[in-house]
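Each of the next two complexes has chain A plus one other chain: chain B in the first, chain C in the second.
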Partner chain A sequence: MRLLVLIISALILCFSTISFAAEREILIGLIPEENIFRQMDRYKPLSEYLTFKLGMKTRFTILSRYGDIIDRFVMRNLDGAFFGAFTSVLAMEKLGVEPVVRPMDLDGTSSAEGYIFVRRDSNIKDIKDMKGKTIAFVDRATATGYIFALAYFKEHGIKNPLNYFKEYYFTGSHDSALLSVLDGRADIGVAKNKIIKERIKKDPVMQQEILIIARSIALPDVTLCLSKKIDKGLKERIRDILLKMDKDPEGRKVLERFGALRFIAASKEDFSIVYNLLKKADIEIKTYKYR
Partner chain B sequence: MRQFKLRLLILILAFFIFFIKESYAIEKKTIGVILPSNVPYYEEIHTHFLKKMEATILSGQIDFLIQKPFPDPIALSNAARKLIAHNVDIIFCYGTEATIATLNERPDQPVIYVAVYTPALERYRTKNSTGVEFKTPISSITRYLNSMKEIKVIGVVYNPLESDSLYQLNEIMKCCPYYKINVVKLGIKKPSDIKQVIRDVSADALIFTTSSIANIALLDFREYWVPVASLLPRREAKPVISLYPSPRKQAEKAVAIIQAILKGKKPYEIVRDSSADMELVFAIGEAQRLNLRIPADLLTEATEVIH
Partner chain C sequence: MKKRLIISMALLFLLFSTGVGITIYYIYKTTTDLETVISLHRVEIIRQNLVINTQTVQTHLYTIGTAFGSELDVIVEHVSDLDRSVQSCKSCHHSKELTEKLNRVSDMVEQYKDALSALITTTANRERIERLRLVAITLGNTLLSMVQEMAFTADQRLYAKTVKALKDINNSKIILFLTLSFAFFAALTVAIVFTKQITKSMGILINATKELKAGKLGVTASYPYRDEFRDLSEAFNDMSITLKKNHDELLGFTKRLSHLYRATIPLYSLSEEGMPYNELIGVVKELFDATDCRIFIRDNERFLDIAGKEIILPEKEIEALHLYYRKEPAIFTLGSAPSIKTSFFDSINEPSLLIWIKEQERLSGLLIVMNKKHGSFDDTDLSIAAILSNLLSVSFMNVKLMEDLRNRMRELQQTQEQLIQAAKLAALGEMASNIAHELNNPLTSIIGFSELSQEESDIETIKKDLKIIEQESLRAKEIVNQLLEFARKRAINIVEVNINLLLSEILKLASLQLKHSDIDVIEEFGQVPIIQADHNQLKQVFLNLINNSIHAMEKGGTLVLRTGIMDNANIYVDVEDTGHGIPPDILPRIFEPFFTTKKEKGTGLGLSISYRIIEGHNGRIDVHSEVNKGTRFRVILPVRQPSLQVSHQQSQDQSL
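== the complex of A and B ==
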C-alpha cells in the first residue's frame, strides 16, 4: 500500500513538473530606445529562435519608458531585459541582475556613443551658442541620451545644465530626439549615435542637416541582463545559445534581421566606464531620481 | 554740520538722477503695428501678443497704432509710410513681407518683427531691427508626406511676390531630387488664383508655403483630392500635415523683446530670437478621407493630432 502511495505521489510530482515546464516561459524586457514598431520587428525573430533552441516559450516585451524600467521589471516578474548602459548599472545595483551578452553590430562594434547635435543651419557651433535654447533629451535614465550630456556640460563649467537652457524636455526615444531637432521642435538634441546613423543611412538628406557638436566616449551598448532568480543552468543555456548563434546557419539569418554580426559575452567590469560617467555628472546611483 | 549738508545734497542729487533715468526708461511709447489683414496665422499671434502684453506691468506705457493692409508689397509699404509719418517710436511687423517693406522704407527706423522667415531677411537686416524669426525645415515636411504615400510629383503653392515663399520653393526644389520627387510650381498672386492653378495640375501632394496669400487661399478650395501640407497653420482647412512656428511662443518672444525696449534697451542691444518652436500637427480625419494612413511612428512625433 505504501509503495502504491509512493508511486502515485511520484507520478503526480512528475506530471506537475512536466506541465510546469511546458507552461514556463521566459519573459525579457526591451528598453524603448527606438521606435517601438521597428524595434519589435527586429526582436521578433530572435524570440522565435530562442523559443526553438531553448524548447521554452521566449517572449519580448517593450517596457513603456526608461524611467519605469526597474519597477516594471519587478512588477512583470521579468526574467531579464536588454538594458542600455545606464539602466544596466541601475538594474545591477537595484535588482542584482547579471550582464550576460550583448550584440556586436554590423560595423564590428558593441559599444555606443552619445551625441549632442543641432541642425547645421542653426548657427549653434559650440556650447556658448546653446545658452537659452531648447534641448531635447531622451530620458533621465539613459547614458547616451542624457547623462553623458549632463557630464559634458558640467565638465565645460556649467554648474546647473538644465538652467542653462530656456526649455528642456524628454522625447522618450532616441529617434524622436533626432526628429525633434530636424523638425525644429528643439534646437539641440542628445541621442545615441547608432540610432542617428541608422536613420541617416536611410535618408541622406538628414546627414546634410545634422551637425554633431559633441560625442561621448564609447559606452557598453544594449546588454542582455538576466534576473538572479533564473537558475544557473538556464542562464548558461541562454548565454550559450546566443554566443553560438553565428555558427548556426539559422542563427545567422536571425542575426542578419536583428542587425548584428554575433553576440559577445558581457560582464560587470564592462560598466566601470559608466560609473565614471555618473561621477562626472554628479549622479549618485542610489539616490538618483531617474523617473 | 557742513559735512551733513554735503551728504544730504549728494543723496538728493543721486535720487534725482535715478528718478530721471527711470522715468525716461518707462516713458510712454507709441508702437505702430503692421498686421497684414485676413492672415489667420498673424491674427492668432496677435491675439496671444495682446493677452501677454496685458499681463505685463508695462502695458500701460504703450499706445498701439495698428495698420491692417492687404498682404501685397504696395499696401505693406504704404502702411509703413503712414506709421513713419506718424512718428511712431517703434514699428512692430507681422511676417516677412511687412518687415522687408518697412526696412526698405526707412532703414534707420526701429523695427521689431515677429514670424519672419530667417533666410528671406538676411539681406535686409538693419542695425535698428530685431525680432523673432524661424526657419521651417522643408525636408521634414517632404519626408513626412513621402512616408504616407509614394509621391512622384509635389505641387508647391507660392507667391512670386513674397520672398519667404520663393525661398521655400527653392528649398523644396533642392530637397526633392533626393527623394526622387518632381516639383510643379503653382504661383498665385491673389487667393482666388488657387482654383485656377491647381485645376489642371497632376500632383500627388501639395505644399502651401508661408506666403500670406497661400495661407488665405488654403481655405478657398476645400476639397483637396491629394494630401496637403502647410507651412502655416489653418485649422479650418485641415491640412493633413502642418509644420509651423508656434504662434503662442512667437508672441511670447515678441513680448519679451518689446518689454526690453520699453525698459530702455535699443534694438541693436537685443539678440534676435530664432530658437526652435515648431509645432507638428496631423489631421487624422482628413487623412482618412483621402484613404491615407499616417504611420503610427509619425503620429507619436506630433505636437497635436486633430480629427
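== the complex of A and C ==
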C-alpha cells in the first residue's frame, strides 16, 4: 500500500515538474527601432539560438510604442527587453532591471548617435529655418529620436521646443521618421544614425536626399536588460551564452543574420552620459511623462 | 521438350520484362505528372495563403489602435506569413512575365510592411494616423487584387495540368492492365500446354511402371513424341527387357538346379540292383534339355553301352579322348577330336556333351548327352556337367564300395557259421567224454563185482557184491535220468509266487545240512512284489544255488539270502557266500552241461538246468566271484510274465 502511494506521488511530482517545465519560457521585449517586421526577422534566429542553448523556450515580442514599454513590461510580465539608451535608464529607474549585454555592430561600435535631418531640397539650413515646420520624432522615450533633439533645441535657446514647430508627431520608429521626412509627411526628422545609415546603404540615392543639421554625442545603443526577478544563475547563463556566441559557429551564423560582430558586456555605468543628456534637456526621470 | 521449355520461358521472361518496362515507364510518367500537379497544388496553397494572409492583415488594419485590435505579435506573425508566402512564390522557377509579376508583388509587400509598421508605431494626431491607415489599406487592397489575379491564372493552369495528369494516369492504367493480362494469359497458356504434355508423358511411363510392378517383366512403353521423355522411355524399356532376361535366366538356373538335385537322388539311392541307369538317363536328359543320353561303362578293355550293350567303344580311343579334353567335361563335335575311328561317333551329327565318370583317377565310364532341344550346349552346361561328373564318380565309387562291403559280409558270415559248427562239435565231444566218464565208474564197478561174484561161492559175499552192483547200477541210472532231465523240455506252470516265503521254505529244507556245518545264514529280505513264476522250478533253482554255496563253504562261513526290487518290472534274489570262489578261467564255463568242479558230488548239470529255467522265465543269472573271498549269484526275474498263461494256484500248496 505504502509502495503504491509512493509510486503515485512520484508520478504526480514527475508530471507536475514536466508541465511546469513546459510552461516556463523566457519572454523578451523589443523596442521598435525600425520596421517592426524586419526587426522581428532579425531577432528571430537569436530567440531560436537562446532556446536551443538554454534548453528553455525563449520568445521575443514587439513593444508597439516606446512609451508603452514600461507598462507592457509589467503587464506582460517580461523577463527582459532590448532597450534603447533612454528606455534602459527608464527601466533601471522604474523596474530595477539590470543591463547585461549589448551588440557590437559590424562597424565595431556599440553606440549610436541621434541625427536632426531635413530634406536637402527643403531650404532648411539651421535651427532658425525650422520654426513653424512639421517635425517627426521617433518617440518621447528615445534619446536619439527625441531627447537629444530636445536638449539641442534647449541649448540653442528655445525654451519650449514643441511650440516652436507647426506640428510635431512621433513615428514610433527611427526608419518611419526618416520615411516621413523623405515622403514629405514631415519637414524635419529626428532619428538614430544607424537606422539612417542602414537605409542609405540599401538605397544610396537617399544620401543625396537628406541633410543632417545636428548630431548627438555617442550614446549606448540598444542594450539587453534583464528583470530583477530572474535568478542570478539564469542571468549569468544568458549573459555567458550571448558573450560567447562569436566563438560558436552556430552563434556566428546567428550574429550574421542579426547584423552584429558579437555581444559585449553592459553595465549601469555606461548610462551616466544619458543622465547628463537628461539634465541638459531638463528632464527629471522620476516625473517625466514619456507617454 | 527442354529446348521448347527454355524458348517458352525466355519468351515469357521477355514478355514480362516488356510488361515490367512499360509499367515502370508509366509509373514514372504518372508519378512525374502527379508530382507536377502536387507541386502546382502546393503553389496554389501558397497563393491562397498569400491571399488569406493579406486579407487577415487587412482586417487587422481596421482594428489597430482600437480595443478590438489583435496583439502586435499576432499581426507580426501574419505579416511574416505573408512575407514567407511571397518569398516561397519567388523561390520557384517561373516565366519571365510571372517573375516580374512576383517582383512587383514582393515590392508591394515591402511597401505594405513599411506602411503597416508606420501605422502601428506612429504616435500622432488622429488625422495623421488615419492618413497612414488609408495608405496601408490602399496598398493592401492593391496587393490583394494582384495576388488574386495571379491565383486565378494559376488556377486555370493547374486545372489543365491536373486534367492531363489524370488522363495520363488513366492511359497508363489501361496499358498496365493490358500488358499484365496478356503476360498472365500467355504464362497460363504455356503452363497448361507444358503441364498437359508432361502429365501425358508421365502417364505413359507410370502405366508401364505399374505393369512392371505387377510382375509383367519385359513390358515396354511406346512413347510417340521426340523429347527427353523418349530417352527416359527407351531407358525404361531397356531396363524392363534386361529385367525379364535376367529373371528368365534366373528361372532357368533354378530349374536346372532342381534337375541337378533330382539327378543326384538316384545316384544316392543305392539298392541291391546297383546303379539305376534308366532313371539317371531320364533326369540327365531333362537337366540338359536333350533328347538322347547314353552311358558307357568300362568292362575289361572296352566301354559298353549300358542300355543295349550293342555299342562297344574301344578303351584306347576313349582314354585318348579323355586325355584330349584334359579329363574335363567337353562339347564334342565330329571332326574336332583326333583319332576317332569308331562308327558310333559318326552318327553324332550335332555337338554333344561328354561327361566322364572316374574312380579316383581311373576312367570308369562315359556319359554322352546328345541332341539338345533348344540351341546348343554352352559354358553353363559344361559347369553343370563338371558337377554331375563329380557326383557320378562319387556315386560309382559308392556302388563299388557297397558291393565290396556286401562280399566281405558274406565271407564273414560263412566263417562264423563254420566256427559255430566246430564249437558245437567240440562241446558235443566234451559232453560225450564227460558222460562216458560218468558212466564208466559205475560200469567198471558193476563189471568188476560181477566177475568177482562169478568166482565167489559164499552166498553172503555174493549178496554183498550184488548189493554193490545194484548201487552202482542205480547210480548209472541216476546219471541217465539227469541227462534225460536236461534234454527234456518242461512246460512252465506259472503261478503267483511270494519269493521271500519261497526262500524261507527252502532254508527249512536245507536246515539239516546247515546244522552240521559252521555256516551262519543271514536273511535280508526286502519288500518285493508277488511275481508270476513256476513255483517248483524256482524252488529247484534256489535249492541248487544254496547247495552249491554250502559246498563252497566246507570250512564254514556266511550265507546271505537277499531280495529286492531291481526296477519297476523286475526283482532280484542274491545267494551270496564266503566260500573258496570260482577261478576266472572257469567262470565262463560254469553254466555248461556236465561241467563240474565237485567230481563225485555232482553231475555238472545243476547250474545249466538252473540257467535254462531262469531263461525260460525271461530272467537272467549274473555271477560275481573272487577266489578265496566268495561268490554271489544274482537271479533277476520279471514281476509279470506277459506271454505266459497264469495258473491261479497258490504257490504254498505246491511242493517239490
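By our rule, the second predicted complex is superposed on the first by the 271 of 291 C-alpha atoms of A that agree within 3 Å, B and C clash if a C-alpha of one lies under 4 Å from a C-alpha of the other, contacts with A are read in each partner's own complex, and residues count from 1 in each chain.
By our rule, a residue touches a chain if its C-beta (ideal position, glycine included) is under 8 Å from a C-beta of that chain, and two chains touch if they have at least 3 such contacts.
Values in this document were obtained by computation on a predicted structure and should not be read as measured data.
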{"item": "Overlay on chain A: chain C relative to chain B, clash or fit", "value": "clash"}
{"item": "Partner chain in contact with A:123 - chain B first, chain C second, else both or neither", "value": "first"}
{"item": "First, second, both or neither for A:132, with chain B first and chain C second", "value": "first"}
{"item": "First, second, both or neither for A:215, with chain B first and chain C second", "value": "neither"}
{"item": "Which of chain B and chain C A:280 touches, first, second, both or neither", "value": "neither"}
{"item": "First (chain B), second (chain C), both or neither touched by A:184", "value": "first"}
{"item": "Which superposed partner A:204 touches (first chain B, second chain C, both, neither)", "value": "first"}
{"item": "Touching partner for A:156 - first (chain B), second (chain C), both, neither", "value": "neither"}
{"item": "Partner chain in contact with A:41 - chain B first, chain C second, else both or neither", "value": "second"}
{"item": "First (chain B), second (chain C), both or neither touched by A:169", "value": "second"}
{"item": "Chain B region in steric overlap with chain C, selected from 22-30, 238-246 or 292-300", "value": "292-300"}
{"item": "Residues on chain A lying within both footprints (that of chain B and that of chain C)", "value": "35-38, 176, 179-180, 185"}
{"item": "Residues on chain A engaged by chain C in the complex (per definition of touch)", "value": "32, 34-38, 40-41, 61-65, 67, 139-140, 167, 169-173, 175-176, 179-180, 185"}
{"item": "Complex interface listing, chain A residues touching chain B", "value": "35-38, 119, 121-123, 132-134, 166, 176, 179-187, 203-206, 209"}
{"item": "Contact set on chain C toward chain A in their complex", "value": "72-73, 76, 79-80, 83, 113-114, 116-118, 120-125, 128, 131"}
{"item": "Parts of chain B lying in touch with chain A, wherever the complex brings them together", "value": "134-137, 139-140, 143, 175, 178-179, 243, 245, 274-280, 296-297, 300-301, 303"}
